[in-house]
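Shared between the two complexes below is chain A, which pairs with chain B and chain C, respectively.
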Partner chain A sequence: MSFLSHATNRIESVLASIRQLEGAEFPYKDSQDALHTIRELFERQLNDLMEQDENSSQEVVKEKCAFSLKNLFCCLPLLGFILRSTNVRNAFEVFGPLRDIARAVLEPEVLVSKRTTKLLLSSEWGYSPVTYPEISDLPGFVLIGLPAPESSNPLLIPLSGHELGHSVWAKRGLAQQFRTDIQKKILEYIKAHWTDYHTLFPNVSKPVDLDTILFARQTWLRALRWALEQAEESFCDFIGIKLYGASYLRAFAYLLSPNVSSPRSASYPDSMARVRNLVKAAKEYKFDPPPDYEDMFRDRPAQSLRPEDRFRLSAADDALEKIVDGLISKAGELVSLSGVSKPDTNEIKRIYERYRLVVPAEKCLTLADILSAAWEAYEDQELWSSVPNMTTDKNRILRDLVLKNIEIFHGEHILQNAQ
Partner chain B sequence: MNLKADEILLYLEEGHKSGTKDPLVITPYPDLNKLKDSGLAAIDLRLGTWFVTLRPARMPYIGIGDSGIQSQLSKTHYVPFGGAYYLHPRTFVLGITLQWLRLPKNLTAFVIGKSSWGRRGLIIATATGVHPGFMGCLTLELTNVGEIPIEIKPGMEICQIFIQEVHETGAACVESQFGGARKPMFGEVRLDDIAKKLGGGKLGQI
Partner chain C sequence: MGTFSNNQEANFVWGFHADLATVSCYAAGEVDDLILGRSKRFDALKRLLEMIHNSLVSSEVTASPQSLMDPTTAVAMNHALENSDPTISMNTVDELLVQSNLVAQLLERVITDPQKVKEGEREKLEDLRSLCLELSRSALACEEPIEDVQSQIP
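And now, the complex of A and B:
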């Protein structure tokens, strides 16, 4: 039974690695808890495998070994993510305020003191914020990772709203909620472009078969999947905008403008469509988008797709365009329900005035106000020009100033709750 | 002359008025009521959340002009509110004030430890001067010269700052290599022109 011994050895190795990781300096208990949960998962699997013997069914043992291997594939990147959550390049100051927001958005119906959502705030060696939204082995955890070189840049924190959006999407079962509508729009698109469709899929003879015959359904299921993925990504953008206002748009542009030169992914809206939707949502939520925002972007090169997939992608893009208003209002509704206040223009101005003096502001009301003021300061070319010796290292000082401000904001929040 | 608490208070209140161009700021704001009635001539500062320790095994010695000291010779630690750092006997760590300071052109300051800590063996600060125009958190040099490990916690009162008025000439403020930072910094030790001319620091070179 060499495959069984291979499987047990593999798990023992990962458990040894976990024990080593447990010796890391964890700034917050949430990361330790995540590691502990994963360790227990592998310990259970190891025990299960150890109980197999020569009398066990070979097929059952193989299945158990295969399952444990699948878990290794799933959990190993997660262990790296947890380890990186201890790295001091991260802006640990934002942990508390971000977890408060995550708890409010994911558990609005629960008393503040009873909320339990945990946060893994980490960094990724990939140039895009990352989340692992549906980790069944880590229930109740939100995972947010910013690109490692930018993980201490508070200007990019608004993008965490997008990653939080994935958790909201999963927790609220929004894929199910939007699926019917999206499917309807895709079928409408096909019917409206029947000649093109029929040329590509001649075996489907009439529109009425689209939703009734299995092989006909299979012709558009991929379009449905792409449209659902695009809907989720768009919804996540809208959560970010509703939480952080125009600073989300600015952070998005910092990270992704003018575009990534590789071909677009079908899981995301086309670059320019996405940007137009960002602007639309911002206006819907009564935020002013940055001036000439759309001009900062351009489309990504088209994917090299077979004609059938090109048609499916067009159907998915069209379906997204038709349901985008519903996504904007759903994201707005869920953030409003959470009680997280939207950024306030007067507060942003007040904080920005403090930044002009190179000091943090006290008694801030929201993280979004602080980050919006930070963007105002970052984009102010004249900032600190009258302060001796401060312009040469402006970006580094601004980062530290804003993170100190966030720490003060969090400390004030702790003191308020302690009263 | 040292400012007394009520004078510091006036400066701080003035600094919070909008339109003030060159204010004294200490934030998070100290307890003004405590300050007002204290009769003290100093403000207590609190310990921040970042620490930097040396990793002696990484380099043979600290040389003059070693610009890589912060990344190669040191390790950064973060201790959140509620956490603790244990300073063992004869160990040295850089800490940072929780407060962010801003001194106007006409004020200077010096930082010293608190006697209650000193009597337990904790020496807080050795480079105590804070020049006019400084902005940022203050790096603290913490050493336990006692025999017993000491627990320190972010948020606790760790040192005190005395503030003095200086005659304001309108000259530019000194550029501090430690300014505008939220984490402890080593800074650089460099030879100035005179030291270079005297032999570049090489013993016996004529």
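And now, the complex of A and C:
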């Protein structure tokens, strides 16, 4: 059974690599714990495969080998992520505050001292903050990756709110909660555009068949999936805004405006729809969006789709638009439940005044205040203009200043908890 | 019916991917072990029963299939049932729910009294193993190819 021995050898190879990684130095134990969890999974799968023999159903053995290969596909990028989480390129100063926020949002019902959520913070060689959707349920871990050239840029830390949102979405079972409503909106869309639908799917003869006849259901299943994916991405944006206020919008614009020169993905809302929803959520949460924010963006070109998929995507877009208020409410409700304070205008101003003096602020209340003040400073063209040496190196100095401020903030927080 | 927590899930052989495709694959393995007389546990079969129950069998689903039935599980189960038994042909959601209920009942019997099923319904066990494999493949067919997932630009 060569396929079985190939499978076991592949797992033994990855286990050897994991053991090697375990010998590295880890700035935070969370990365080490993630390695152990993955190693134990592969050890269990290896043991299971080793128990298969010639009496076992060969179809079952092949299927198990196939799944073990899928696990390798999924876990190898994660191992790389864990390895890069040890790289000094990362802004380790933000690790503690970010993990506190993740724990508060994911475990609001647990005493602070008993919270266990772990964080993997890494710098990635892909130009986008990432999570790993296929392993988003690595139990008890939140994965946040920032693009390597920006991974020590604290101005982009608000985008971690989006990545945290994926963990909230999974942990709270929100796909199940919103699915019924989204499905209803998609069926309403189809019924409202029945002539177009019937032209594309002539085998479905009447609207009543849409949810009772099996093949008719399959015609709109992809629309449902796209709408759910768009809902999740939108919800994650709203978590980011509720946690970090307008600094989320600014970080989003820094990374993604005016748009990526690539066709639109059906898993995300249209760029402009997404931006309009960001502004809507900001207003709902009582934050002022940056002036002329929408003008910074434009839509990505439409993907070349078959007519059936174009119809499905329109249905998905329409469903998202109709449930977006519910998503904004749910994200707001869950962040409020966490007890994480929203950014405060007076605090932001106080911290910003310190930055004008090139001095970190003491006794800050939230990470969001620090990051919002950082954005104020970044966008102030006059900041430090009286000191020529500083204006030429403004961005680097500001980054260092903000990271130092976050370090002080976290140190004070530890002391406060110890008293 | 008990539910599995995320942390428990991580301790099972299928690991972090407690999706229908993976769980069905390992459920087929547990049935195979039972047929060979070396069964140790029924974690995957219990998890599969829970998934089918929640998605296709529970009273809430049968009362209102349009609102609570998990569409992906429904498509996968439809294909799996038709592929594993050519005599089954379903057209409506109601027919699918009836067939799913029969599968759930068989799973329940296997979990509750495996020896009795093995001795009295050996052929049904072999059918169940085939169905679990088909269900695994049908559920996979509803997923994005892994190469596409990994190359997505968020």
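The rule is short, and it goes like this: the second predicted complex is superposed on the first by the 401 of 419 C-alpha atoms of A that agree within 3 Å, B and C clash if a C-alpha of one lies under 4 Å from a C-alpha of the other, contacts with A are read in each partner's own complex, and residues count from 1 in each chain.
As a working rule, a residue touches a chain if its C-beta (ideal position, glycine included) is under 8 Å from a C-beta of that chain, and two chains touch if they have at least 3 such contacts.
Everything numeric in this text was worked out from a predicted model, so none of it was measured.
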- Simultaneous placement of chain C and chain B on chain A, clash or fit: fit
- Task: Could you say whether A:P27 touches chain B, chain C, both of them, or neither, answering first, second, both or neither?
- Result: first
- Message: Contacts for A:E12 in the overlay, against chain B (first) and chain C (second): which applies, first, second, both or neither?
- Response: neither
- Among the partners chain B and chain C, which is in contact with a greater number of residues of chain A? C
- Query: Is A:E379 touching the first partner chain B, the second partner chain C, both, or neither of them?
  - Reply: neither
- Query: After the superposition on chain A, what angle is formed at the C-alpha centre of chain A by the C-alpha centres of chain B and chain C, rounded to the nearest 10 degrees?
  - Reply: 140
- Query: Looking at the overlay, what does A:R44 touch: chain B (first), chain C (second), both, or neither?
  - Reply: second
- Message: On the A-aligned overlay, A:E353 touches which partner chain: chain B = first, chain C = second, or both, or neither?
- Response: first
- Least C-alpha distance (whole Å) that remains between chain C and chain B when both complexes are overlaid: 28
- Mind listing the chain A positions that touch chain C in their complex? 37, 41, 44-45, 47-48, 55-57, 59-60, 63-64, 66-67, 70-71, 73-74, 77, 126, 128-131, 133-135, 137-140, 171, 179-180, 183-184, 211-215, 217-218, 221, 224-225, 233, 260, 262, 265, 267-268
- Seen from chain A, its contact residues with chain B in the complex are 25, 27-28, 88, 92-93, 95-96, 353, 357-360, 362, 388-390, 393, 396-397, 400-401, 403-404, 407-408, 410-412, 414
- Note on the structure: In the complex, chain B touches chain A at residues 18, 20, 23, 25, 27-29, 49, 76-81, 83, 98, 100, 102, 133, 135-137, 155, 172-173, 175, 179-183
- Item | For the chain C and chain A complex, residues of the former touching the latter | 6-7, 9-10, 12-18, 22, 25-26, 28-29, 32, 35-36, 65-68, 70-72, 74-75, 78, 90-94, 96, 129, 133, 136-137, 142, 146, 149-150, 152-154
